[in-house]
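Below is the structure I would like to discuss, written out as structure tokens.
First chain written, first letter: the chains are A, B, C, D, E and F, and each begins at residue 1.
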Amino acid sequence: MKLYAIKLLTIVCEAPAQKNIIEILEKNNVSGYTFYEVRGNGSKGIRGQGLQNEKNIKLEAILQEEKLYRILEEIARTIFSDYAIVTYVNDIGVIRMEKFS
Amino acid sequence: MKLYAIKLLTIVCEAPAQKNIIEILEKNNVSGYTFYEVRGNGSKGIRGQGLQNEKNIKLEAILQEEKLYRILEEIARTIFSDYAIVTYVNDIGVIRMEKFS
Amino acid sequence: MKLYAIKLLTIVCEAPAQKNIIEILEKNNVSGYTFYEVRGNGSKGIRGQGLQNEKNIKLEAILQEEKLYRILEEIARTIFSDYAIVTYVNDIGVIRMEKFS
Amino acid sequence: MDIVAIIQSSILTPLILFFILGIVATRIKSDLKIPDAISEFLPIYLLAVIGLHGGLEMRKMGFDNMIVPILVAVGLSVAMTLNHYQILRRLGKFNIFDSYAIAAAYGSVGATSFSVGLSFLKTQNQPSEGFMAVILAVLEPVSLILCVFLVNMSITKNQKSKHYETKQILTDVKQVPSDDSIAVEIGEVRDEASMKQVLQNTMAGKAIVILLGSIIIGYVIGEGGFQSIKLGFEDMFFPALVIFLIEMGIITGQKLEDVKKAGKFLIIFSVAVPTFNGIVGVVVSTYIGLSIGGSVLLGLLFASASFIAAPSVLRTAIRKANPGLYITSALGITFPFNMIVLLPAMFIFSTVLHDAGTLDLSRYFVDGLK
Amino acid sequence: MDIVAIIQSSILTPLILFFILGIVATRIKSDLKIPDAISEFLPIYLLAVIGLHGGLEMRKMGFDNMIVPILVAVGLSVAMTLNHYQILRRLGKFNIFDSYAIAAAYGSVGATSFSVGLSFLKTQNQPSEGFMAVILAVLEPVSLILCVFLVNMSITKNQKSKHYETKQILTDVKQVPSDDSIAVEIGEVRDEASMKQVLQNTMAGKAIVILLGSIIIGYVIGEGGFQSIKLGFEDMFFPALVIFLIEMGIITGQKLEDVKKAGKFLIIFSVAVPTFNGIVGVVVSTYIGLSIGGSVLLGLLFASASFIAAPSVLRTAIRKANPGLYITSALGITFPFNMIVLLPAMFIFSTVLHDAGTLDLSRYFVDGLK
Amino acid sequence: MDIVAIIQSSILTPLILFFILGIVATRIKSDLKIPDAISEFLPIYLLAVIGLHGGLEMRKMGFDNMIVPILVAVGLSVAMTLNHYQILRRLGKFNIFDSYAIAAAYGSVGATSFSVGLSFLKTQNQPSEGFMAVILAVLEPVSLILCVFLVNMSITKNQKSKHYETKQILTDVKQVPSDDSIAVEIGEVRDEASMKQVLQNTMAGKAIVILLGSIIIGYVIGEGGFQSIKLGFEDMFFPALVIFLIEMGIITGQKLEDVKKAGKFLIIFSVAVPTFNGIVGVVVSTYIGLSIGGSVLLGLLFASASFIAAPSVLRTAIRKANPGLYITSALGITFPFNMIVLLPAMFIFSTVLHDAGTLDLSRYFVDGLK
């Protein structure tokens, strides 16, 4: 059982930005993603208490390094200035590399 | 405060497979695990919108490298072919190594 | 697009300890954190089935290494003995380093 | 009896219309959604109401005359399930896993359909036998257990007798994911969840537990004890069902996209088999002496396919079957068809069978000529 | 008519008091909270009830006389929205994004306010026109779409004509986050979500879908079909509204902290503009022949600002606007002001306008002198 | 009065039977579950109903005669709490943390028990004093605050006077987790959450806020204002309680496994102490002039142990105590015992005390001889 090195991109952002981010992922042919509702605190204050719109979403996508930078760049350029958002990248190992190409 | 190197195994799978995976973890004497409901998209399509059965579960277990490969192998052999599932491994650091033996 | 190395601290603990941990994070001027409800199993048994108090919370904070050890030490000293809790640390890369200072 | 009025009163109801609203909402990409907590709670609530009323009725009526209907229902259910399998396997050319899974879903019964049936009968002022709730509880597991048993038998037989034939069974599986780098060796296919496991999961499934429990509680407390909770557990039934049908409509709307993928054969199956089963059910029920309403309900049970309880057992019990097939057809085709077409049709049919005189055909035609 | 009684009966109601309890709970840092699933479900439920009753009324009354009120309402709504923008941009010195977003939120209407208005009228035994539900549905999107259109126009114009001027628009934006290391080039600002997208999101928004859907269903089923769900979709309306207002109180309590940040101008705006719009609404409604109750409701619609439906569209449609401004002022100031002060005031005003004789002013003053 | 009928009408109720169904479901490993959002909402709803009715009653009756009962209740509650502590520490040999925590849980009161008590009295057609809701609100925090205060006192005293003795207190703790590699230095044990913190958490706890708030609102709106929400806030009380008891049954079922771990002493404590407290409560209540129903309710409050509100404060306020002990005994043993055995027993006892003539003992024995 061999593990192949690949990247995990994580994005925590306000719920209304989710659609845009998924669009960017799909435009770049990411093979899949996982997401769930979270709460948080950051430069834009406490988020996730009451109204639907003030919820946070956490999105995770396993992807090849090539796609990573393209996607990061696009997210930074089109989303960072207008929404509460944090992104980070992790080195992970997977079994089925071909699932994420 | 020293951090000890250990592995974090993450599994995202369809809800009905959760039971099988926990069985495998427990059979291999994993000391604990954490899980929560997520939504997602992958080779088996969008998951987590409506029916209970179509939800995704994300499971995380901190464990020693020895156990990791045994568990991965068993999950791959018994679960991969029948369920929507993704697994990946992370290098992490913990304080209390003895908690995860 | 350059990624800067930084740490991700993750804490899984019983819900009543959440307040104490956020206090510790804020005392150490962490720039933000993300949290969500999870279920789990560990040395203190299965958690998250029924009563509010028996839920688990997962907290994640991106922070500089300097702060990390101070915070870990304080959590270990004041929380470990009384609550169900697991903490671990991850190496991650971020774009906007200045967000987490 | 006025057929136009029946059809109108069965389709132009809050239930059906809100169901359609849910479908429309999904199709126009609305974000309308009933929160999960509510839509997970509602089936529990609906089953509790059904059970309590079943129990109350049985206390009044006794259960002397429920033995025959139950035995007949179980017998018919087994026969129909085996029939489904043959149709799917022989005519539909589905693999054994899909064949058994779809057969089981259509052999099992739907509590949501039953609820809509009760509501329909109430609008028509038609009573029904209280023990129908018991039949609902009994019929749910029968075909599930039968099919899981047969799948396991078939695998074991193949594994034992000829090793290469089992291989064929597997390659036979249409939907084996092709993206797995690890070959699944036939010898290692876990024996499709042990029968004990399946029995446990099925019998302790929440639907059966709450339904049987409520029947017993209804029986024990009687009308007197029921008074204090009547408002919540009787008068709120239809409003709650409306909410549930909005959500079912939304999910149906999502499934409609997959209907094409189900293939022409399954689409025909999803309409023809319920119709056949429903007619058989009404005829047999009438024959064994059930009331007009009871016959409609039993017909509806046979016609219905389970899209909540059964799939949640099947996904693990026959894990090599493609859930897309049985859920899509049961919820996306059969359920709306049953509610909108078959239910009023069976009611007319049942009325005719019980007493042809009540059906005012002349008036219908005279009206039609105007 | 007894003014003291009106004020009392409008403030000392379960609705207002539980709303205040929610505010108090937050202020004393209580952990009181209505679970998300419940508070997401309640607006859907409330809109379904409003819609059904609107539909039922329209079936009784016909919709002959609803055309004029709707056209007038739309016209007034557009005029008011443009007026809001001028006030905010000229007097308030807000940037164009915030100006249009706040203008849209106050131009749009609040279903929660409408619900409280219905409840108030019921307490006062005042009927209102059934088509008010239609006006609610029609008014919701009008000013949203208008403002988003104008924002896009303004950006495009600036981008085309003079390149450096658009730059000024951007630096004009007060709330551009300063912590971004990546410069946002003006040329790359995405054109604020395409109009098509916005139209789709607005018209298929859950509020409008459930409201219009329920109006149609109410119209189709009529009183007969409504009977079976009346308990849930009529009698439970006020209890459900109470629960929803607890949650709204809790959120309002959280927003109160941000009110200071909104600035003095916006605070005054949040009280003065609704008052003005409300008065205009009542006068015009009376003029075009609406009843006392109908005039109050339409006045309330004009006075209300949307804090659920509109913000969820605005956040992406005018993404450079600071949501803190329009949500805080709409929910934290305008909503409580409307409920507690403006609603009873408009009712008194509407009564006076319709028939001055009913207002027993003498009794009021005599009582006051005692 | 017919004892058999009382016992029957107290046990064979929907409430108790659905509670038992919940237990059974868990024991047979069913996946039956009330979604979290619903089971978090229900206690808020139940407390709102209790509060509103308390307020309505107080408006009718005035609160002249509530001072004595409240003072007596508080006094008794303090005495009982101290008594619990002595029993647990001396006889039970529990460490001080566990002793105080269990003492507090049993000194506090259970809103769920109170709800079941109200329902029981309604079945028996027995009224009770409206201010019992106030006593419920007052008694909840008393013993919590007392015990937390005493724990803190005890730690401070020990820390100051003799340094090595405090060490003993710590080693004295039975449940200190042994898997910690980092030694917990006694000097660093945080002073068990500052008293101010605890007072804040307790008094602003959602249970007290909603209960006191609803009492005030009920008092202010009166029967007139209550009419519009009566259906939701009165008639739906028992149905809602039934749903809540299903979930409580499910959790109780989970806790039953831990009962053995609680130890024989705690099991006996969980039955004997409520019985004693309940009897004392009924006697004293009768003595100070409460009605039959009021005496039963106050007895039940003393007998009950809090398993929702108190534990959520205790977990942080006395964090070295093992929550497994107080939750398991309060919910797993005392609650079912109180509902099934003690409540009807106290009712019979209260009836006898108030007027021995009403208890038709002869009939009971004559019936028994048949």
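Methods note: a contact is a pair of C-beta atoms (placed from the backbone, for glycine too) under 8 Å apart; a residue touches a chain by one contact, two chains touch by 3 or more.
Remember, predicted model here, so these are calculated numbers, not experimental data.
When chain centres are defined as mean Cα coordinates, B lies farthest from chain E.
Ranking every chain by how far its Cα centroid lies from the centroid of chain C, the top place goes to D.
Centroid to centroid, with C-alpha atoms defining each point, chain E and chain F lie 43 Å apart. For this pair, chain A with chain F, the centres built from the Cα atoms lie 47 Å apart. Between chain B and chain F, the centres computed from C-alpha atoms are 40 Å apart.
Under the contact definition stated at the top, the residues of chain D that touch 2 or more other chains are 35-38, 40, 179-180, 182, 231, 236.
Chain C has residues 36, 43, 76, 80, 90-91, 95-96, 99 in contact with two or more other chains.
By the touch criterion given at the top, residues 9, 12-14, 17-18, 21, 24-25, 28-38, 119, 122-123, 231, 235-236, 238-240, 242-243 of chain E touch chain F in their complex. Against chain F, in their complex, chain C makes its touches with residues 14, 16-17, 19-20, 43-44, 49-53, 76-78, 80-83.
Touching chain B in their complex are the following residues of chain D: 39-40, 176-177, 179-180, 182, 184, 188, 190, 247, 250-251, 254, 307-308, 311-312, 315-316, 319-320, 323, 327. Residues 1, 3, 6, 8, 31-36, 62, 90-96, 99 of chain A touch chain B in their complex.
On chain D, the positions that touch chain F within their shared complex are 35-38, 40-41, 44-45, 200, 204-206, 209-210, 213-214, 216-217, 220-221, 225-226, 228-229, 231-233, 236.
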